[in-house]
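First chain written, first letter: the chains are A, B, C and D, and each begins at residue 1.
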Amino acid sequence: MTDHHDIFAGRESQVRSYCRSFPHVLTTGLGTLVRDTEGEEYIDFLAGAGSLNYGHNDPDMKAALIEYISGNGITQGLDLHTVAKGNFLTAFEELILEPRGMDYRVQFTGPTGTNAVEAALKLARKVTGRSNVIAFTNAFHGGSAGSLAATGNRHHRMGGQGLHSVTRMPYEGYFGNGVDTSEHLAQMLADQSSGVDTPAAIILETLQGEGGLNVASSEWLQRIASIAAEHGALLIIDDIQAGCGRTGTFFSFEDMGVQPDLVVLSKSVSGFGIPMSLLLIRPELDQWLPGEHNGTFRGNGHAFITAEVALRKFWSTAVFEETVRQRAAQLHDGLTEISAMIPGSRVKGRGIMQGLDVLDENVSTAVRQTCIANGLLIEAAGPRDEVIKIMAPLTTDEATLDRGLEILRAAVVEHLEGSRTRELVG
Amino acid sequence: MTDHHDIFAGRESQVRSYCRSFPHVLTTGLGTLVRDTEGEEYIDFLAGAGSLNYGHNDPDMKAALIEYISGNGITQGLDLHTVAKGNFLTAFEELILEPRGMDYRVQFTGPTGTNAVEAALKLARKVTGRSNVIAFTNAFHGGSAGSLAATGNRHHRMGGQGLHSVTRMPYEGYFGNGVDTSEHLAQMLADQSSGVDTPAAIILETLQGEGGLNVASSEWLQRIASIAAEHGALLIIDDIQAGCGRTGTFFSFEDMGVQPDLVVLSKSVSGFGIPMSLLLIRPELDQWLPGEHNGTFRGNGHAFITAEVALRKFWSTAVFEETVRQRAAQLHDGLTEISAMIPGSRVKGRGIMQGLDVLDENVSTAVRQTCIANGLLIEAAGPRDEVIKIMAPLTTDEATLDRGLEILRAAVVEHLEGSRTRELVG
Amino acid sequence: MTDHHDIFAGRESQVRSYCRSFPHVLTTGLGTLVRDTEGEEYIDFLAGAGSLNYGHNDPDMKAALIEYISGNGITQGLDLHTVAKGNFLTAFEELILEPRGMDYRVQFTGPTGTNAVEAALKLARKVTGRSNVIAFTNAFHGGSAGSLAATGNRHHRMGGQGLHSVTRMPYEGYFGNGVDTSEHLAQMLADQSSGVDTPAAIILETLQGEGGLNVASSEWLQRIASIAAEHGALLIIDDIQAGCGRTGTFFSFEDMGVQPDLVVLSKSVSGFGIPMSLLLIRPELDQWLPGEHNGTFRGNGHAFITAEVALRKFWSTAVFEETVRQRAAQLHDGLTEISAMIPGSRVKGRGIMQGLDVLDENVSTAVRQTCIANGLLIEAAGPRDEVIKIMAPLTTDEATLDRGLEILRAAVVEHLEGSRTRELVG
Amino acid sequence: MTDHHDIFAGRESQVRSYCRSFPHVLTTGLGTLVRDTEGEEYIDFLAGAGSLNYGHNDPDMKAALIEYISGNGITQGLDLHTVAKGNFLTAFEELILEPRGMDYRVQFTGPTGTNAVEAALKLARKVTGRSNVIAFTNAFHGGSAGSLAATGNRHHRMGGQGLHSVTRMPYEGYFGNGVDTSEHLAQMLADQSSGVDTPAAIILETLQGEGGLNVASSEWLQRIASIAAEHGALLIIDDIQAGCGRTGTFFSFEDMGVQPDLVVLSKSVSGFGIPMSLLLIRPELDQWLPGEHNGTFRGNGHAFITAEVALRKFWSTAVFEETVRQRAAQLHDGLTEISAMIPGSRVKGRGIMQGLDVLDENVSTAVRQTCIANGLLIEAAGPRDEVIKIMAPLTTDEATLDRGLEILRAAVVEHLEGSRTRELVG
């Protein structure tokens, strides 16, 4: 097997990112483990940035996919009817929508998250005839120049080209616990002279993945929903990263007492890491004309197959949800213990989307480098990458989760001892 | 096998489009043929809107893909190094870039065409520090609100929200053969008071797929390239639909005497209908910072596997190109013959991306409906869908192409006779 | 003398506003008094919306102006040198800039406030190479589509067309006394992922005239200035309404411990109600190219003449400032007394730019109608016109100010008694 | 009398422009002549850039203005009713609208041209609910960031910040005489996929003042008007520079067979060089809400007085129009004669708004410098200032016009001889 490093260095764009801190060349993955060309095995707490909630190469999805390909199933069907799509829709209706008493139309957009966010924003503007959109600090909704306007990260925004018609408001807790930022929004929308135009939509994540694992409470979310309703604005929940079971329920907002007008799903909706995105639309808002929004890869047959298996395997009963909740508790305990070693640090997030805010990006980087050296793939979040973020597959077993947490704990200890030594020596 | 029509009608968004004129439910595809739940077989001259240049389920790609999946190959790798990606890059360098004397860095963007166009526009604006972009009449570059600004179709644009910093210029031939529209652009850019700002980039398709199969000549394209160079603007060729062999060469512009600064590939680059997109960047323009533009699904392992097979199978020798050229000639002859029956109609396009401008969308619709009834899947292009468009897989054999053309010919005859009868009776 | 009402009703646009509540036809004005075609006299607490700080037809300005016109002085000089402009600049340097230790270049823009604001924003964007601008809730900076982006009033904004590159932040006190809104701005600008781009400028009024007489403190203003400096953003003070002595000093910010980068003056700068605007520019920021921003009426000879007289008459000694302060105190006492009669009401503003927030626009409207019926021209401010606003000429004498306050007091009493009667009857 | 040069150089912004080529300090003006502090007299063919159509200090306007000021007439009345405004409206109705069979509502905007253009664009967008506006190459409609979007000159546009929702089309003759640019517009608006959104308005000058004295024909203008009507777009004629008699009729379009929806007047509407602007609105389009667009100086009493005198003195009979036509013919003959001396040059424009396109900005600059040295104030127009532009007051007598033309002729001769000498020597 050739060493591919020359081709990556010489031919791939400078834009590449994850591979700079993890320069190994991966070959295979199974469940929570990945393997490289050197034969080394790594615990994967990155999980395709949330697109591998059921781990690598789930055997049931894999079998169904191989069967489908073997039988010359339609791979790419645009928006034509296919059996694979029909089966997925049926499963989605039976296992997701109906049990939750939800009624949404399903739009298959281009298979990236930003494609689906674009569709949501465009539909909200079409339906309301308004252009302004409320988005929140530290939000991430994608990188196309339209969705980009709704994204917070300055690094991605490059000076704001195209930041048109988005008003930025503080997310819950942005100004500390004492300040109810939903009241800021309420006041500014009620005030005819605030400078904030009545919006087409309010878009938010209930748990900000890239923004640093900031968590919205049910109370705050309900207040935002009622503000949206009061002003005739659509509530769009971007569940790209926090959805598909990541927080312990299929949708991140299930137990929070709100009914969004539009819901964006992507990342783990195919279950297998295959590109797929959905926009869920309250039926009365499904005012698209045929073909008004499109995208070549909106009918990905392979994704329909694995997505259906994922739904039937994990969402037919309550077992999986219960397991995720146990693992989330285990994760929380583990992180809390580690946090106690770092003064000022704190545990953030919920479900299996938690992390450790170590306050200092240098600490975060050093600890993660040690983790990688010791066989744990792990990433960071937050404006300065100051939050060490755990996105283990939801199917990670108790022992593997413990093993990963132990590597993290040891890396923190090593860093702290190194710091102490450096202080003593320095 | 259940009839899925209820689930599509009741649950899928109104935005669905192709399935309205072709309501059958597809099951399998092989080469140029697809089959539905009724057991009917159709010749597919739609080919996934250009994403199935090598037909459905090519056996070599299929075998490699099943092998990869069976071996638990990495499905979704973000921008981490994987063997699959390294192999693809190596093949792309050896078989595409080096033989053509081209030197480009490869950026893996989110796997839809619009993702890659967004990256191109963003990079052009970053590198030049300018915001205006020149795009042409009848262009299609995607539907996200940034790319959308560069897209012509009013149906998709919904009143121009976000049409910021794009100046629209007439494509070659837009005002008839006597008018050299490149001189319009030259004059307006040279004029300090024309109202057109010096652009970051000029973006174009050499052959406008959605716009009606309008063809740019080498002379015009070279003139545009020299205008871009003169004003320090990047030349971006959007080869999403016309690339990957569609016109008879791998890139649509290979024999046209220009060296674009950025090239956008998508649709058929994976070879199998799996979502994948590339942005090719002249090395000195690869000024991205790490992670400055991203997208979860930018490392699609399945696509790397089939894409490599596609390159090795079809682009190692000149045989495939030669075959495509023969088939293109066959197509041109067939269409020319049919065109002779319809007064005023004309054949447009090049390669296996040709069509018949029948001038009237009602004729276009009627003829295509008859085609579908007789077993031929076929689409339309142009501002009013007035061009019947043939996008057969490049691997379509001579007999199948003839069979498809015969169905089209018969449909035209039927339409003409019907018209005549209606005239006599009416 | 004809009754002109027919011509106004039949020929003037529906956009007319003040004349709807004050339908009388004015003939002459002198000092604080105006007279109509019926011979009725009114105390003018509107003062040309702040453009008549020295009252109507000041005799010294009037004499100088008549002399200038009689002598065929240049009326309209574009940006050519004229003696009138030279004399004004000399007086402005000697009487305004030098005594205050200020060093600014003077740009004569088109003579409306919005023209000068446009120049300020354009220059800030040019100098910094950035596009975003921070503006505050309830701000008013003009109605052209560029300045409009920086203006809060929704009524004027018509859905935000052109609200590009302005980020709206809460003014001091917007969320109540406990919340330091400057810290919101500081936090959002420091946060790389807040969604607020580093701005070219922060623009503000120290006392929001249209926004409801909201007052910035020195502490808050200094904090804003230091935030601007920290991020390399220009501090623009829009002193269109609060400048030219309105708050008791020539500039509203003189005693507040800040040195703005750009200062916008208009309204009363000509002293006589003649259109004139200035942009003051810190010398090192005067990076305009010749003619880069223009406007036909930027050299208004008549305005230069009266403006120079205004400076020499009122700003050569400290007497005028002292008188204004006394009158401001008198006004404050009078309003405080009236406020005591209305539960919940409060006095807002400073200098001779104070008002009574009566909380309810109906009360505000009813009271002002009674005032007009009793000979007092008076206007409202605030998002819902809930603040009765007193903008008497600064030259108003003690007795006339008392007379006006008495009319206001009586109108309030009448309203309160009417309310009580309505309650008893109803 | 002091030399003011120090104060201008030290204190006025670098943005100043005209005074760089004409550094003398003006004192007085009468009719077509101005005088400086050295006692030198200059013929003024600049005429306040078109704001002094009736010359400097017309004795009748002057007398009326002095009488009004002496009698304490209202100087600044916001949009309150005043006798002065009523009288102006009556005169405007009787002398301008009624004789021409025109019915427009009159909006008094802020008194600069750009203020009125802003009002026109805002109203067009409000009435149609659309955002795009068609503007033409080489157009000048003002410098505020909204109007700026409709302005062509790159020097003023600074990279296009705020060029939102304007589509640029070629003016008549832009691509030479053989190309009918109105058909370009017609084709692009009819084409659903052209990339040009259906506009709210088409805005144009019938004679482009800053753009180089380009003239629209009646045929072209009628075609544009019919295109606007067909698409439900408003036709806005910006008559700021070409109106008020400049072309020989009060409106520049009077004899051209079109009825614009909105007409913008400014510059010479006050007649005396005093700032004043009007927007004329077809009654059914007067859909403003009260106060929806405003501006402090929209009720300029002095301007109403002189404007009324101007109308009564010059527009009560046909004598003035006839005289202007004679003078225009004289000007055309004079320029034609001079043009014959310069190979390739040509006479452009119409009315007393004509010029000589000398093709080369260096020639233009050299000739104008000689003119100034010899007592003639004269300016340039066109993208590169290549057109020497004559904007003499309309009241200029035959002898003075001849005198000015002779100075120009001599300057051209001197330049040509100098060139010949330089060639011989060089």
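Heads up, the rule we're going with is that a contact is a pair of C-beta atoms (placed from the backbone, for glycine too) under 8 Å apart; a residue touches a chain by one contact, two chains touch by 3 or more.
Owing to the predicted nature of the structure, the values given are computational and were not obtained by experimental measurement.
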Starting at subunit A, figure out the least number of steps needed to reach subunit D through touching chains. 2
The pair out of C-D and A-C sharing more C-beta contacts is C-D
If we define chain centres by averaging CA atoms, which chain lands farthest from subunit D? Would you check? A
Determine the centre-to-centre distance between subunit C and subunit D, using the mean Cα coordinates as centres, and give it in whole Å. 31
At what distance in angstrom does the C-alpha mean of subunit C lie from that of subunit A? 49
At which residue positions does subunit B touch at least two other chains? 131, 155, 164-165
Pairwise chain contacts, counting only pairs that touch as defined: A-B, A-C, B-D, C-D
Write out the stretch or stretches of subunit D touching subunit C in their complex. 1-2, 4-5, 7-8, 11-20, 22-30, 34, 37, 46, 48-52, 56-57, 62, 65-66, 69-83, 85-87, 89-90, 92-93, 105-108, 110-115, 118, 121-122, 125-126, 131, 142-149, 155-156, 158, 161-162, 164-165, 266-267, 272-275, 279, 281, 286-297, 300-302
Give every residue of subunit A touching subunit C within the complex, in rising order. 130-132, 135-139, 151-155, 157, 159-160, 163-168, 170, 174-175, 179, 183-184, 187-188, 191-198, 210-212, 382-384
